[in-house]
Each structure stands twice: as structure tokens, then as C-alpha cells.
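First chain written, first letter: the chains are A, B, C, D, E and F, and each begins at residue 1.
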Amino acid sequence: MDTGDAAWVLTSSALVLFMTPGLALFYGGMDRTRNVLNMLMMNFWCLLVIPILWVVVGYSLAQSGDGALLGNLDMAFLRGLGITGEDGGSGLLTVAFLGMFAVITPALISGAVADRMKFSAWAIFAPAWLLLVFVPVFKWVYGGWIGDRGALDFAGGTAIHVNAGIAALAAVLVLGRRRGWPSQGHPPHSMPLVMMGTGILWFGWFGFNAGSALAANGQAIQAFMNTFLAAAAAGLSWGFVEKFRDGHFTNLGVASGIVAGLVAITPGAGFVAGMSPIWIGLATGIICCYAVGLKNRAGYDDALDVVGVHFVGGLVGSLAIGLFADPAFFGGEFMAGSFYGGGLDLLGAQALGNAATIVYSFAVTALIMLALKATIGVRVSDDVENSGLDLAEHAEAAYSTGSASLAGH
Amino acid sequence: MDTGDAAWVLTSSALVLFMTPGLALFYGGMDRTRNVLNMLMMNFWCLLVIPILWVVVGYSLAQSGDGALLGNLDMAFLRGLGITGEDGGSGLLTVAFLGMFAVITPALISGAVADRMKFSAWAIFAPAWLLLVFVPVFKWVYGGWIGDRGALDFAGGTAIHVNAGIAALAAVLVLGRRRGWPSQGHPPHSMPLVMMGTGILWFGWFGFNAGSALAANGQAIQAFMNTFLAAAAAGLSWGFVEKFRDGHFTNLGVASGIVAGLVAITPGAGFVAGMSPIWIGLATGIICCYAVGLKNRAGYDDALDVVGVHFVGGLVGSLAIGLFADPAFFGGEFMAGSFYGGGLDLLGAQALGNAATIVYSFAVTALIMLALKATIGVRVSDDVENSGLDLAEHAEAAYSTGSASLAGH
Amino acid sequence: MDTGDAAWVLTSSALVLFMTPGLALFYGGMDRTRNVLNMLMMNFWCLLVIPILWVVVGYSLAQSGDGALLGNLDMAFLRGLGITGEDGGSGLLTVAFLGMFAVITPALISGAVADRMKFSAWAIFAPAWLLLVFVPVFKWVYGGWIGDRGALDFAGGTAIHVNAGIAALAAVLVLGRRRGWPSQGHPPHSMPLVMMGTGILWFGWFGFNAGSALAANGQAIQAFMNTFLAAAAAGLSWGFVEKFRDGHFTNLGVASGIVAGLVAITPGAGFVAGMSPIWIGLATGIICCYAVGLKNRAGYDDALDVVGVHFVGGLVGSLAIGLFADPAFFGGEFMAGSFYGGGLDLLGAQALGNAATIVYSFAVTALIMLALKATIGVRVSDDVENSGLDLAEHAEAAYSTGSASLAGH
Amino acid sequence: MKLIIAFIKPFKLEQVRDSLKIAGVSGMSVNDISGFGRQGGQTEVYRGAEYEVEFVPKVRLEVIVTDELAGPTVAAIETAAHTGEIGDGKIVVVPVEDVVRIRTGERGADAI
Amino acid sequence: MKLIIAFIKPFKLEQVRDSLKIAGVSGMSVNDISGFGRQGGQTEVYRGAEYEVEFVPKVRLEVIVTDELAGPTVAAIETAAHTGEIGDGKIVVVPVEDVVRIRTGERGADAI
Amino acid sequence: MKLIIAFIKPFKLEQVRDSLKIAGVSGMSVNDISGFGRQGGQTEVYRGAEYEVEFVPKVRLEVIVTDELAGPTVAAIETAAHTGEIGDGKIVVVPVEDVVRIRTGERGADAI
């Protein structure tokens, strides 16, 4: 393996690993003081259980073999992935890199189920969802029937964001609303944590998107530039919608817009160029800013707006490829978007891939949640919900700063 | 483009992006609870608006063409920057890398104007300053008349730190002092945030300085080493000045010294070697530690010491090149410093470049601020200053941790 | 030097630098509000004083020459380390990379002596320990008599974690217990800081371990994968021990497990493969979770469990190489572990290396501490211990958030 | 006039505030406290060490009322903060000699 | 002796402290509270959802004084905390039966 | 009944709590405050600028007790919080007209 490519993919893998703690802070900062640690733990749980699951069977089922629907077990337990062979370890490195994506995808869902889900249920949900939903969809998109139809997904718009976003919707529909929602609100307990999480996410996302070129080449460079511009543009447009609609340019709005822009450019990062990321970002910021209001009208309690940001942002970005894909710029063999002389074929392929993902992910996620509900239960008791999950579920408190609260044994 | 070079510049670009949230935390931690989010937003605003401005016209005006004073519009809208051409995307990557510098330079100024500037005024100031001050000075230094005279500025001492630092002075002179300053003080609301910001800045600064070699070569390695040593040395000497003068070795002193050292080594990172970064760092820590006291004597309210740290640190570092530049070590064609047999020519060139930057930046910044003052106004009302900018300007609160404060609708 | 290798080692060096602020937050979050800044400063102090010490004499004594016990001064002051020579700066880069390890190793010890050590004593202890303990042990392991016997230590299990961990034990035995320990406890003042520190440490540890290949090659890739898997496995098993023993799956348990797993895989990261990191991680999480309870039984007050995590974790990992080392996988010339047909030779070499390190480090650390105790004293007064070290030692407060507490002059 | 101090469960604050508004109370002052009582503490576990944190989070309310409003105020808090489980808290009635509204300088019942 | 409790605007704390010192008050105890009153709350907007945060940040002062000093103390607070705008806060005077200085065991006026 | 308020040094809280338990006190409410008094402030130094932070961290205790228990309660706090150094704090005894236990509706001494 070329050392420069290896250096970049190693770096990118580390960057994507860093995104999950970043996401934990982003979500945790938005949460209430008494549920912060439960939120952090839902994310860290993915960091613990999924790496192992991934190398044991996940990667192999998701990538090995020619199946249109599912991989096989040929690469289970990292079988055949050496460093002295011809590929110099690039296969192994790809497993590690993609493992970071496998970790963060279910973690994204945690923001929706905040404040009320039993940790034991989440502990089963996350790995079950990985195997039953993430793995097959990943295979369809990268090396299966969706990819075969020409649908494009550079770094995981369909496979990750639309997938996790719609799963979040299914999960909260089974889980039910928080007590008091929507009449009672609670502001973020620590906006500095939210902004720090946003910074880490943006930083890490350069690895997510530009690393997905799996090489330090021109496509990685353009993906990097797209990641830079789309995040900025979406943060800007979300901020301005709030400014004109609600009266203020808010930190949470900007943070949300940045993340939405990062989500939206993910699928097209290696297929669009020029000013396209700016248009995609601007549109995403506006659409997602309105989309997060949907839950109040539709009545589903998506606590931290996973549906509005990841599902909607991912879908917008994935469909936008149908308009903006520019194979000439990349010297690539993929279909061109409508604005680049490609008609509607690519848009159709994108729509199909996302539609299939939405139907499958929603259905199977709902089934997993229903099975958990019927067995161990998915919700904490009202008492625990009132007094906070940190103490009840984890026997910990996020902050113990005062002398009074410090008076232990 | 060589893959190793691409890998390093991609990584460096991500690192420099990460510095702006790091700077936001560094400044935000020093600020009062009620103004934290305004401080964060002044920094994040630069992350939103400048990337777009940079690719649309900024980069082209700053780098394209042979003008001694200003670039042209040939590369506006990223025109001509492809990845399939001969350069393999290295031109595009440079735009992204330098874009990160364009983001953070105006953000540096935010620390000076803290606690009293209208956000609407800042929202116009930052992009206006970028185009009217940063862009021309950048051109003069890198490819214009200052650079032509042999003045050296490896990663932006003159173009970034002296420039932003003197602009901060001009800005606060127009803006005026905070109510109660200097008789009333307020300690940093969260020193852990300040120290975290410091850590992120140092980490990111390796990309800033070593990335400025635009290759993974020996010069990058030496720039890396210099960045390591100068920051340590300046933190150490600042800390000891405080210890002997004020009685304690403080975290804020160390953090300030580290940042001052990073600032000071920025211009010379690719031109000095051996023990020079240690001498530069030690001197900077001492000088800047005294320089931050100037504001009290001179009467300008530079809230978080942008002048004392960035202007003075940048100037010290830039002039130090005139003493320490060592072309033999680098096998480079630049002038030698006085200590390396180069006489006073380089020092003269450095002085000239900085003098021109100081005059131009101060004057144009003052004009921008005066224009804003005369039109939309630059200061929040006394009421807002008393009760805090977060709520009034952004309708948000940084922390909502207690039950009492959480009792929303 | 190959640009890809340079890019990766530059990146890794920056990552390891970032670990020390990460460690500061990890420790600082666990500490009480009134001692946070002292904890941060013990770590930052290492970032200030050790880089300079390292290039002046440390590196040369630790690596230059053929001595079995100590290096010489040939490379003091970076003598002979250029970038225009044949190695293209790779020697210089190695000094920087290893300098980051020199910084963090004494910093590890700070967690043990928390809440009661005079800062002036720590200020002398850290550099003295570096020269008298770290430097010789480093030489023995990498290029001295321990390494010569075939003992393996990829990224610093013996040289760093066992070394610092046993030193922590010696230090606290001389220093004595905190007032009120063990009957009085105090929960972590900020678990979000702890979890953020954990995230930064894991992120940075990819540079620590995979960077130790000093190239972007297959060994780096496998080391990366091992770092990913062992941390996850150890976090998981520590979490489950707590769940079954104490009743809850806690954030602090998971964070501790992750760090223990990172420690344990450090020595073998470039020598083990396949499922081995998972086994090593699982075992480490269990063993270290029980090991941190030892202090209560044995009566030494290791405040933040440096012995239980770094000493025990490092030892487990180092001995595990004796079982799991797999030269065939790496095409390497090192001895095989027992499970890979290597008999007990490697295990013996590992045991010997660690035993020597333990004896030497414990004894010399105790002597340094005793000397400090006999001269300037090592403990703050009872008054300072009661009211907190931040104010007394650094004249600062970690948080000043309320209006009341803000009412300064 | 009376100063009525109440220690209640945090999640009951909103209900209590709403009841007080209905009862005609025009203002109140609230802060977080740590309460010790029959309810007993919480056990937190850090690295295997159990901490018997004997203090539990409570909210403290202060309401200044006229003598007539004292009864209804106590009743409103009592009803709204009640769950019937241990730890519901206490209400204390303290006599007040004078009250001043800083804005207007009004004294006594007018100042409330 | 009296216990004088005041709820004031946070940014007025320094002025009040200085006035109290001039009035001869030798000590006070202060904490942050959330106040509810005529001033009305603040509206915060998070992701488009408006939160009517009805509580505003205030500072609570407690001053123990002798009977003679009670009047001047109230007056000092009143003057220093006054802005004339809604939300300036209240002062409450509560009777005190005894005061003890922990350090010396002094009681009554001597303990203040 | 009495409301006993004490301002003490933070690190003494545990000892005071234990003494109060021994004295027969069944509950208390505690919060952090900033105290101003003879002890004088702390000097913090940020970037060379000295801040005379005149307020020092203290802990505030509130204990409601029956008349009989008032003496022992004051004594228990006095002894446990005593260091003899300046800044040990004060104890204030305030008369109480009524106490209510929210859980049961008990009034007066029964409610404590």
C-alpha cells in the first residue's frame, strides 16, 4: 500500500473514531443535567461493543463476497487480512476505517431516544440494529443491488444518515414520548459542550468524507473542500432562518446547521465540485431548520432531532447528487446529475436506493424495538424519568461541584 | 501531487480548522458566564461566512496573478482548480488549507472586543475586514511587495498575528471600554475550558506551522520541532515571570505563554532551527507577559489581550527571524539572520514588512469600525452589557444546570 | 525520508502531544472542584519543561550511542540532527515524536499524588524523574540490555506505563495519604470532562501506538487495529465487572477500562494480531477493575488509580506479549509467544525486563521523593489541603460562574 | 406578613409555581439545595467504591406574602408538591417585620 | 437583631456591597437564585422552539444586623440596588432571636 | 419552633452533619454561598491583574427544630464547625410560626 495513502487513511480512521465522543458531547450538552451521563454512555456503549462485533462478523457480512443482499462469513474474525501480502495491509486498514462508521451510525440514534430509554434495552438494541439493519443496507449500497443500479453514496448518506435517521423515527414511535413533552421544554444544560462537540464533529468529518477516497488523491482533496464549504453554508443558512423567523442568530442553530451540512455533503462529497457544496449546504440548512419543527406537528418525540437533521439532511444530500454529480470533474465513471447533463437517471437511482433503505430500516428497527418492548421493556419507570437516568441507570452524577453536593460518606 | 505530501496537507488543513473552535473555547472560558455564547458565536461566525467568501473571491484576490498589491479575479469561484490536471489537486488543496487561516485570523480579533460589541456589527466587520485588510496584506507578504523585499513569514506572523493584533487595537479604540473597566474585573468563568482550548490550539498549530511547508518534508519536520519547543519555552517563561512578580505559577499564565510562543514561532517556523525556538519562546513569554499589562497603563480595553499576545508575540517572532534565520540548515535561498552571518538586511526587511502591515491594518480597521459606528452602531446598550450579551443577542444561556433555572414553559 | 512515512509520524506526534491535555482533563474531571487547576498544572508543567529538557540532553542520553545502560551526549542540543542530510530529517522527527512520550510519562504520575503535593515539589520531581528514571529505563528497553535480551515493548508498556505506574506507588508511599482518606470520598466533579479526556486519549493513542511503527506501513495498520479493539474490549469487560459486582454499568468504569485497554495494548501493538487484542483487552478490563480496589486493602492512597490502571495494565499487556506475540503475521524477527509456538522464552524476557524496571523505578523514585521531602517538603499544609490547592498554589479558581462568586474588586 | 420557605422535589417546581400563580402569589425566589432527611441518600459508585451521598437534590422556594395569603400559599404548595412518598419536603412559615420594594420604595403589604 | 434578606439584580451586587460597607455592615452572605415576579421571564429560543423561562437570575443577600443598624442597612440596599426599572427586587426584614459567632462563642449583638 | 441558619466553612460540613445527627436532628437543607466578613477575601491573579475576590466560599445550613432542640442544635453546630480561626461563621436563630410536612400534612412539631 502506498505510504501516503496509508498515512491519510490511518489519520482519517483516527478522526472518525474521535467523532463518537464528539457526538456524545454534542448530544450530552443539549440534554438535561440529570440525563447527561446516560446520553454519553449510549454513545460510548457503541464504542465498546461494535468494534468487536465488526471484526468478528460485521465487516465480513457487510463487505465480503458478491451477494446483492448480504455478504458472507469468509472474512469473519479478520480471516485472511494480513499485512505481509500483496495489499500491504490495505484490506485490514479498510476494516478499521469502516469500523469507525459502524460505531457512529447506531450512536446517532441515541439522540432521539434520550431521557427515557432503559439502558439495558439500548445495550441490546445497538448491536442488534447493527447486524440486522446497518450491515445489510451497507452491503446493498456498497457492493449490492442499490450500488449496482448506479446509485451513489460516497461516505454514507443513504447507508448511514438516512438509515440511522429513519431508524430513530421508528424507535421513538415505539418508545413513546417523554413525560411532559411537548408542553415542557428544557434548554441545553451546557452550550459550550454542544459547541465543542460541533467542533470535534466537523474536524472528524474531514476524515469521514475525505478519508472515504481511501487514498490521498484528488478526490480526497475535493471531498475535503466540499466538507469545508457545505458545513459553513448550512450553518449560515440555518442561522439566518432562525434570525429572520425567530429573531436571533443562535449558537444551537449554527451548530445544528453545521452538522446538517456535514450530513448532507456526506453522500456527494466525492461526486460534486465547484460551488455545488455551497448550494447543497445552503438548501440543507433551510430545509433542516424547518424539518426539526415537524415533530411538534406530527407528534413524535425525537428528543434531539435525529430525524430532522440526519434523516432529512441525509436525504436532501443524497437526492442532491442526482442534480449536482459531475463525473467530468472527477474523471469518474459514474452517472452525471441533471445539472451536469445527466437527465433524471441518477436522481431516480438515488430515490430508489433511499426509498428501499427507508422502508427496510424503518420496518426492521420497529420490529427490534417491539421485540425489546415485549420482553425486557424499553422505558424506564416514571420515577426514574422524573429524577433522572444518570443516578438510576448508572449510579453516577454528571457534576458534583458544590461542597454541599460533595458531602459523601 | 505526491500522496505523502497530500496526506500531510490534508491533515494539516483539518488541524487548522479545529483551531477555531479551540480558540472559541480558549476565549469563551476566559469570559463571564453571561457572555460566553456571544464569544463562541463571534468565532463560529467566521467559520460560517469566511469559507464561502474565500472560495468565491478571497483566495483569488489574495493569491492569483502577479500584482504587488492585490491579486486578480482569475480564480474566483475556484475557477481552474481541478483535480485531474497536472497538479493533481494541489492547487485546490492549497485553497482549502489557506482558507483555514482566513477563518481564524479575524476570529482572533474577537477576544479584544468581547462583552460589548453588537453581533450585527461583528457580522459585517469580520468579512469586511477579511477582504479589505487580510486579503491585501496576505498578498503583499506572500507574492507581493513585502515578500519581494526578502521579508520572511513562514506561516503568518506578519500576515496573521501582527495584522489581527493591531486590528484588535484599532477596533477597541473605536469601540470603547467596557462599563466598569478597568476598576471591575471578572475572573475566567471556566479555566478547564481555557486549558482545553489551549491544548486544541497547540495540537492544531502543528498543522498551522508544519503544514505550511505544503509538503511532508524536512522543513515541515523542523517547523514541527520549532512549534513544540517555542510553545513550551514561552509557557515556561511566562509562568516564571508571574511566579516571581505575582507570587504564583498560574494556569492562565501558562496557557497565555503557550499561545504567545505559538504565535511567535509562526513566522520563523520554517527558517530557524536548533536551540533558536527555545530562545524565541523564552523571550516571547517574558515580553508578552509584560505586554498584557500595557492596556491598563495606556487605557485601551483589549478584553482578552489580543494585542499583548498576538500583536506583540507576532512582532517579536517576526523580528526574531532577522536574528535567527538559518538558511544553511534548510538549504534554503532566503537571507540569513544577524546571528547566522546575515547582517541587518533581513531584520530591516522584517521591520519594513511589519511596519507597513501595522500602519495599513490599523488605519483600515479603524475606518471599518468608524463606518459601522456611524451606521448600525457597534455597541450594545448599557442594559445589555449589564445583563449579558448571550440572552439579548442570541436568546440563549450558556448553562442551564439547576432545576430552578430549568423551569421553562 | 518517504513522504508518506513522514506524514504519518508528523501526524502521530501531534496526536501524542494532544494526549497530555487530554490526560489533564481526564484526571481533572475526576478531581474535586477546588483542586482541578493544580491537577491541570501538574500535567501542563510536563508540557513546558520536558520538551526543552528532552532536546537539550534527554534524547541524547536515552538513545544516542551503544551503551547498554545509558546513552551519551553526542546528540545533546540536537547536535547532528539536520534535514538536508541523507535521512531527510527522520532523525529529527523521531526526537520530536519520542519527546511527546517523554512529556506524558511523568504526567501520568500526577494522578496518584493529587490533592496534597506541593507544586514546587512536583516542579522538581517531574524533570528529575525524567532524567533519573525515564531516560535510563528507556535506553535499557530500546537499545540497551533489556531489549538485547529479546524483550519486546512496541510503544512503551514497560518503559512508560509500568515505569510510571510503579513510580506512582513509590511517590504516594512517601507522600502519604490525603486527609480523610479512605473514609471520605468525593465523586468526580465533572464526568463530562472525564469522558472528553477519554475520547482525546483514545484518539491520541492511535498516534502513540500506530505511530510507533515510525512508518505508514503494515505494522502501523495492525497496531492501529489493535488499539481500536483492545480499548473497546477492556472498556466492555470493566463495565461488565462493575455491572455484575456493583450493580451498574458506569461511565467512569467504561472510561477507566478504555484507558486500561489502551495501556495494555501499548507494548504489544506491533507484535500481536487477529483476535489477540480482544483477549488482551478483555483480560485487562477485568484485572484492572479489581486492581484499583487493592489500594484500599493495602492502604496506599493512589488518588486517581495510576497504579491500578497504568502499572497493572502495562504489566498485563507486557506479559501478554509472551503469550500472543506472532512474528509470522508481521514477517518479523522477534520471538514468538507461547500461544504461537514460542515456548516461555519471550515470557521470561518480558518478566525480566519488567522486574528490572519495577525495582529500579520504585527505588529511584522513592529516593527522589525522600530527598524532596527532606529538603523543600512534598506536602501542602493541612489548611491548604482543606481549602483546596488551586487557590493556595496557583491563586486561581477553576470556575467562577455565579454572580456572587464573580464579585471581584 | 410572612416569609414562607419550602423545600420540595425538583421535578415538582413547575407545578408548584403554577399553583402559586393561581393562588394569587405574585413572586417567588428559588434556588437549588441539597437536602438531608428521612428519605436517605443516594448511592453512587465510582470505580467500585460506593459513596453514600446522604444529600439529595431539592429545590428551595421563598415566598413573601401578606398574612391573608399565608394560608392559601401553604395550601397551594402542599397540594402541588405532594406525591405521598418520602422526601416530599417541608414548608416553614416565618414572621416578617417589613418588606420593601426596591423599585418604588413601597413598604409592607404594598411592597409584595 | 434582624435578618435582612434582599433579592437584587446581579449586576448591582458590587454597588450594594460597597454601600453596606459604608453603612457599617461587617458581613453578609450571598447566593444566586432564580427569581419570579412582575418582571416576567426571558424568552430563549432553541431550534425554533421558544422557551418562556419565567425565572430570571437574581442575587440573594442575607445580612444579620443589630436593631439600630437595620434601618440604615435597608436604606443602603434600597439606594444601591435601585434602577427604577421593574425587577429591582425586594428587601425583607425578619426578627432574629439569637446570633452566635462560631469562632468565639459570642452571642447576640457581639456576635455580629 | 426555630429555624436555625448557619454559615460555616465548607470542609466542616461533614462534621457538622454528623454532630447534628447525634444531637437528634432529623433533617437539614444545605447550599453553597459566598460569604463576606472579617476573614477578608482571597486574591486571585489573572494575567498579572490582581482580583481582590472579597467573597469566600461558605456553606449555608438551615435546620428546623423544636424549641427544646434549638439549644442542642446550636451547640452541636458551634462545636463541630469551630476551628478557632477567623471565618468560622455565624449561627442565627429565627422564630418559626408553623411547619408543614408535605407528604403527610402534619403541622408543627410533628412535621419536623
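One rule holds in what follows: a residue touches a chain if its C-beta (ideal position, glycine included) is under 8 Å from a C-beta of that chain, and two chains touch if they have at least 3 such contacts.
In this text, all values refer to a predicted model and were calculated from it rather than measured experimentally.
Interface residue usage between subunit A and subunit B, two copies of one sequence, is largely distinct: under half of the residue numbers at the contact are used by both copies. Legend: contact pairs of B-F compared by residue number with B-E, C-F or C-D; the interface matching in over half of them is C-D.
Subunit B and subunit C have CA centres that are 33 Å apart. Per-chain CA centroids place subunit D at a distance of 18 Å from subunit F. Chain centres here are Cα means. That of subunit A falls 49 Å from that of subunit E. Residues of subunit C in contact with at least two other chains: 2-5, 7-8, 11, 184-188, 190, 196, 200, 216, 246-248, 250, 252, 395-397, 399, 402, 404, 407-409.
For subunit F, residues that reach two or more other chains under the stated contact definition are 11, 14, 17, 30-34, 44-46, 50-51, 53-55, 57, 94-95. Residue ranges on subunit A touching subunit D, taken from their complex, read 184, 386-387, 391, 395-397, 402, 404-405, 407-409. Across the interface of their complex, subunit B is touched by residues 1-8, 10-11, 13-14, 17-18, 20-22, 24-25, 28, 36-37, 40-41, 44-45, 47-52, 55, 77-78, 82-84, 88-90, 92-93, 95-96, 99, 119, 123, 190, 193, 196, 200, 216, 393-402, 406, 408-409 of subunit C.
On the subunit B side of its complex with subunit C, the touching residues are 2-5, 7-8, 11, 15, 32-33, 183-192, 195-196, 198-200, 202-203, 206-207, 210, 215-222, 224-225, 228-229, 232-233, 235-236, 239, 246-252, 254-255, 258, 274-275, 278, 329-331, 399. On the side of subunit E, the complex with subunit F involves touching residues 3, 17, 26-31, 62, 64, 94-103, 105, 111-112. Looking at the complex, you find that subunit E touches subunit D at residues 2, 5-8, 31-38, 54-55, 58, 60, 74, 77-78, 81-95.
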